[in-house]
Amino acid sequence: MSYKFDFAFMADRWPDFVAGAWLTIQLTVLAIALGFALGTVCALARVYGGPVLRRLVGAYVEAIRNTPLLIQIFIVYFGLSSLGLKLSADVSAVIALTVNMGAYSTEIMRAGIQSIQRTQLEAADCLGLTRLQTILHVVLLPAMERVYPALSSQFVLLMLASSITSQISVEELTATASLVQSDTYRSFEVYLIVAVAYLALSALYRFSFWLIGRGLFARKRRLGTSL
Amino acid sequence: MNQLGTNHLLYLLIAAQWTVVLSLIAFAGGSVLGLAIALMRVSKLGVLRSLASGYIQLIQGTPLLILLFLSYFGLGIIGLKLVPLVAAGISLTLYAGAFLGEIWRGCIEAVPKTQWEASDCLGLNRAQQYAYVVLPQAVRIAIPPTVGFMVQIVKNTSLASVIGFVELARAGQIVNNSTFEPFVIFSCVAAIYFALCYPLSVASRYLERKANAGR
Amino acid sequence: MPEGEAVVRVQDVIKEFGPLRVLDGVGFDVVRGQTVAIVGRSGSGKSTLLRCIAGLETIQGGSIEVCGHAVGQPGSAARAQLRRDVGMVFQSYNLFPHLTVERNITLALMLVKKESKDSARQKAAEVLRLVGLTDKLLAYPEQLSGGQQQRVAIARSLALQPQIMLFDEVTSALDPELTAEVLAVMEDLARRGMTMITVTHEMGFARRVASLLVFMHQGKVWEIGPTAELFANPKTAEFRQFVGSEL
């Protein structure tokens, strides 16, 4: 038998895919930003915090990194609502993705922060920087610069993993595909299209993070060398 | 409504065996493919290098869930019956192959260039250099990150549930559909996954530390 | 120049790394049984020259002939022959860390020379006796001192019975005592009539053992001749200065 590919459905369904991709972007940009912030705070707690705090953060990181995102999403969406906390699918998705992103960011940022030598802190202290200034300018930015490649690949992985939120019927890109394929019965073609869309999104994200990295670190490096 | 009981827990544990089986299939298939990809990536032939790196970029730029659907429906197209285990096995193999290939390429490249030169001077041909000198050393470097990646494999087998393969995650959904206690059930499911993955994580870190200390 | 058949002929060799010309028309002959010392400042191209002779680099001009075979152009038949004729010992030993001393030595004997396990083991024992390490047969490289590792590396090359041995600063990673034990092994080899080309910073060793001295400077053979003669009256200011600084 020979299979005839048929992409005719795209003629009138393409707006659905665009809408799905747009929701994927919104969800993941939000989750990446929030998750990275969460991870940074946790990483600081893990390095500079007291023993209790360190253990708590450690437990959080291990719990998330050793369980599937799918189950995490189920717990937030189905689990919390059964406990009386009703959340929409979109909000559940952002929460689950953020918590997940937070754990991975913690690990990556921890490595970065630990690579900053104590003498740097002492130097900043002697210069009269406040604690917050020290953390921001002497610890976080240099730490982030060192682990930026690992961070940005983790960000891209999160964007790809967001396809799992389709399982709680968040109408993002993958869910759009399910919808269209059940209307058209062109399953393989639909998922091929979506695969290409995700490849394009990956490239877009990679490029964006590269640009952001240049903006964040290039200026600092120039200053750093000229001083 | 069914009362949640030990028989449900038992059902989850039995389903967890399929998670393990699927993980092993993915790891075995991924290892074979990954080794080929890694060797292609360090090949002298530019064509092979580009093929392998194109493959890695393709797989690493597509969600595993989409790979899974493509395998599932792709098998249907070539006239095979839609067997979820086969589709899941194939897509997880494709996925693991790309990531292991990339990890192992790094390990092969971590073997000093001088080891190639020394074995070259002794007259070993390229296959012999790989088999007796480079790969045995690369394997040692590769063990910690490989064990670490097994955690990703185990977790990602949960996606096979979406095409109806009854492993741990799917079993959780099934139990939930009859008992409606999602928080408890999915927490149990998470705990079982944790019990499978955490030892691997710990082992990976331990091996990593040991390898670093040995240097 | 001593009489006899030239086993290594280096002629007008040019070697470039991108825009950088590292060897600029290098030429000399080595006669069977001769010990040659190559000396010169850091960066003068000594290692590169040796690596070219060992077939580890391709050359951009000139020719290198070892035992009648051309070196430096890709081609596997000639290469296999070269590997039989030439042994190389590196500054960083480059033993295989995952194999025992014995296996380091028997590996190529069995894989390349297709010898039986027994005969390979016998040879390993023999060459280890030559370098004075009979008791280290089953040790792993990391369990040995630097000097011992280097002697194993020499034994590993010797076991393949090459016609020519190349040594690239084999003692410069070692402290004086360990240097002495390695140099003793090399002197012994020279006395047994092995053809050797050694890049070295050990002027004492060069004077004692080498019959031909090659002084490299800026990628060229700046001065060449019988060792004693060259040391007795250096012709160029550069060599005089070099000898002065190395003393």
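Lettered A, B and C in written order, each chain numbered from 1.
Operating definition for what follows: contacts are C-beta pairs under 8 Å (C-beta built on N, C-alpha and C of every residue); 3 or more make two chains touch, one makes a residue touch a chain.
Every value quoted in this text rests on a predicted model; they were computed, and no experiment measured them.
Chemist: Report the chain ID whose CA centroid sits closest to the centroid of the full protein CA set.
Modeler: Smallest centre-to-centre distance to the global C-alpha mean: chain B.
Chemist: Which two chains have the greatest number of C-beta pairs in contact?
Modeler: By number of C-beta pairs in contact, the leading chain pair is A-B.
Chemist: What whole-number Å value describes the gap between the mean CA coordinates of subunit B and subunit C?
Modeler: Computed value for the inter-centroid distance: 46 Å.
Chemist: Using the average of all C-alpha atoms in each chain as its centre, how far is it in Å between subunit A and subunit C?
Modeler: That pair's centroid distance is 55 Å.
Chemist: Rounded to the nearest whole Å, what is the centre-to-centre distance of subunit A and subunit B, using the mean of the C-alpha atoms as each centre?
Modeler: The mean C-alpha positions of subunit A and subunit B differ by 21 Å.
Chemist: In their complex, what parts of subunit B are in touch with subunit A?
Modeler: Spelled out, the residues of subunit B in touch with subunit A are 58, 60-67, 69-70, 73-74, 76-79, 151, 155-156, 158-159, 161-162, 169, 172-173, 176, 180-183, 186-187, 189-190, 193-194, 197-198, 201.
Chemist: In the complex formed with subunit B, which residues of subunit A make contact?
Modeler: Within the complex, subunit A contacts subunit B at residues 1, 3, 62-63, 65-72, 74-75, 78-83, 156, 160-164, 166-167, 174, 177, 187-188, 191-192, 194-195, 198-199, 202-203.
Chemist: Could you pull out which subunit C residues touch subunit B in their complex?
Modeler: 54, 56, 80, 83-84, 86-88, 90, 92, 94-98, 107-108, 111-113, 156-157, 160
Chemist: Give the list of subunit B residues in touch with subunit C in this complex.
Modeler: My answer: residues 114-115, 117-124, 128, 132-133, 136-137, 140.
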